[in-house]
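A single structure is presented below for examination.
As written, the chains take the letters A, B, C and D, and residue 1 is the first residue of each chain.
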Amino acid sequence: MSTIADVFTVVAICTGSFFFMAGTVGLLRFPDALTRLHALTKADNLGLGLIVLGLLPQADGMLGALKLIAVWALVQLAGATVAQLIAHALLRKRPPT
Amino acid sequence: MSTAILAGLTGAALIGLGLYGLITHPHPLRKILAFNLLGSGVFLIFGIIARKGAAAGFAADPVPQAMVITGIVVAFSATALAVALLLRLVQETGRTTLRPDAPAKPPDAGADA
Amino acid sequence: MSEFLLAAAGFILLTVAVGLVRILRGPGNVDRTMAVQLLGTGSIASLLLVAAATGVRGAEDVALGLALLAAFASVAFVNSAAPSEPDNSEPAAGE
Amino acid sequence: MTVLQALDIGLAALVLAVAGWTIVAREAFAAVVGYVAYGLLLSLVWVRLFAVDVALTEAAIGSGVTGVLLISAAARLRKTEAPATDERLGAPLRLLAGTVCAVVAAALAAVVLLMPDPGSTLAPEAAQHLAETGLGNPITAVLISYRAFDTMLEKVVLILAVIGVWSLAPDRYWGGAPGPQRVARHEGALAFLAQLLAPLGIVVGVHIFWVGADEPGGAFQGGAILAAMWMIVMMARLVEAPSISALWLRLTLVAGPVVFLAIGVLGFAVASGFLTYPTGFAKPLILFIEAFMTLSIAATLPMLVMGPPSRPPRP
């Protein structure tokens, strides 16, 4: 049982780390701010989400698991809003050509 | 090398960096920033003192930790007061320097609310 | 297991730190804000991993605090970038 | 070298790199953004030092609230940066300053390396006081019982800072309110964030204050999170900053130190002196004091960030 949980953890955390790397590569390589924003939100949502998912089997008790999920939900909320706000700020500065 | 010594060395380097910024930057906001850097370096040195004082079943001596917590709050209030002073100075004179021989500029009306 | 978690934490920290090159390069302040946003998420992830590996008590609460403040700096940035737009055009509602 | 050591060294290098950036950056805004990142990394370092209470404080105050203060200041001071660069020190002086700072850093590094291990400690005294208070978190016990006097004075410092900031207001604005005005139509996303985040944040803030008796947390950390939540609803312009002459605001600001002082003076009558607690009642009294301190901190930090009043008082 614990082996299955461990394998699950390893797979989820590896995938999550991959998304963080993808987000960074996007942030560095994409040509303009709006596409970079797109890359950033992927890392925010999927990267942290998968890591939290992977840590859930290792969490101690209900409260620990609940806190992990709360962390993810809060970052999700913050990431979504900040993406909106930044996109707004970008559009305001540069009206569509 | 243990984590605590590494953190202490980082703290020493941060104090050096912060001091350098405090001396060389002409803009007061940058000085405030450098001052905060210096402060956090001091706190890290407190961190190693706490970690080395681990005794009585604690992972770290609680007394320096408590001092760091009060220190962070006091550093914040000093920063806030300094920033408020600076903004008021700019609002009044349009400049960030107190040097009497600095070129006078008209007060910046655009220093908005 | 804990070795793996720590390695993952180090890897994530390293990648988001590479992302900080955006702070250096800019070009705009928007890009800098995005780099910090990514670093914030990455630090939360590595904090959770380190906490699970080393078993520091209460580290989830630090992650919770960081998560609450994740949007904080970015909101301040957006607010200060466009400060005086609907400011005086409308009288304060309410009273 | 173990994985953990590699992680520590990487983290330290990263902290130093970001700190270096805040010094060498050309624009103040870029430096301030670096400082926010620096605060985040520093709270990771504190977790690695097993100082979770400090990590929480650093995350909430060092990175979060200070970051907001400096970001808005940098945005407002952008026009003044170019004139200030005229006053840059010359290269020889900068070299001299660099040498002096390197010597200071090297001396401190030597102190760190020569520090005895295990070092001198006050932990046994703290542990003894911990047993008397009935608390489980030694740091809270140090803050409110063993070194209570420091903590009380520190609260007074916070109030002095608020008075200092307020007294920078022009005469015509005295009694007015700081910060932006409330608007009827807000930017959708920001208002949504604030409306959703604030209730959750209040729960987390109260939780961190409450568990502070036995687990990492406490009045400072909980209060700082509550303060951040108040600031976010003000930034979203859902609520307006109160007028600085509002009685409730002033009462909230002084509530923490006043209650602390009152119970401290009561110590003369019912316990063994100033700022001591009667045996058996220490824990409830400490939590009572901490509740008011949390409220005071939650009110003080936003007032410091919002700055002096910027509008004339309403007639």
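Going forward, a residue touches a chain if its C-beta (ideal position, glycine included) is under 8 Å from a C-beta of that chain, and two chains touch if they have at least 3 such contacts.
As the structure is a computational prediction, the values presented were derived from the model and not from experiment.
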item: Chain of greatest Cα-centre distance to chain A; value: B
item: Highest C-beta pair count, chain pair; value: B-D
item: Centre-of-Cα separation between chain C and chain A, whole angstrom; value: 11
item: Interchain centroid distance [CA atoms averaged], chain C/chain D, Å; value: 18
item: Whole-Å gap separating chain A and chain B, where each centre is the average of the chain's CA atoms; value: 32
item: Of all residues in chain C, the ones touching two or more other chains; value: 33, 35, 61, 64, 68, 71, 75, 78, 81, 83, 87
item: Junction residues of chain B - those touching two or more other chains; value: 112-113
item: Chain D: positions in contact with at least two other chains; value: 4, 48, 50, 53, 74, 76, 180, 190, 193, 197, 200, 204
item: Interfacial residue positions of chain A with respect to chain C in the complex; value: 6, 9-10, 13-14, 16-17, 20-21, 23-24, 27-28, 33, 36-37, 40, 43-44, 47-48, 51-52, 55, 58-59, 64, 67-68, 70-72, 74-75, 77-79, 81-82, 85-86, 88-90, 92
item: In the complex, chain D residues that touch chain C; value: 2-4, 6-7, 10-11, 14, 17-18, 21, 29-30, 33-34, 36-37, 40-41, 43-44, 47-48, 50, 52-53, 55-56, 59-60, 63-64, 67-68, 71-72, 74-76, 180-185, 190, 193, 197, 200-201, 204, 207-208, 211, 215-217, 221, 225, 228-229, 231-232, 235-236, 240, 314
item: Chain B partner contacts - residues on chain D that touch it in the complex; value: 4-5, 8-9, 12, 15-16, 19-20, 22-23, 28, 31-32, 35, 38, 42, 45-46, 48-51, 53-54, 57-58, 61-62, 65-66, 69-70, 73-74, 76-77, 79-81, 83-89, 93-94, 97-98, 100-102, 104-106, 108-109, 111-113, 115-127, 138-139, 141-143, 146-147, 150-151, 154, 157-158, 161, 164-165, 168, 180, 218, 220, 297, 300-301, 304-305, 307-308, 310-311
item: Chain D partner contacts - residues on chain C that touch it in the complex; value: 3, 6-7, 9-10, 13-14, 17, 20, 23-24, 26, 29, 32-33, 35-36, 39-40, 43, 46-47, 50-51, 54, 56-59, 61-62, 64-66, 68-69, 71-73, 75-81, 83, 86-88, 90, 92-95
item: Contact footprint of chain D on chain A as seen in their complex; value: 70, 74, 77-78, 80-81, 84-85, 88
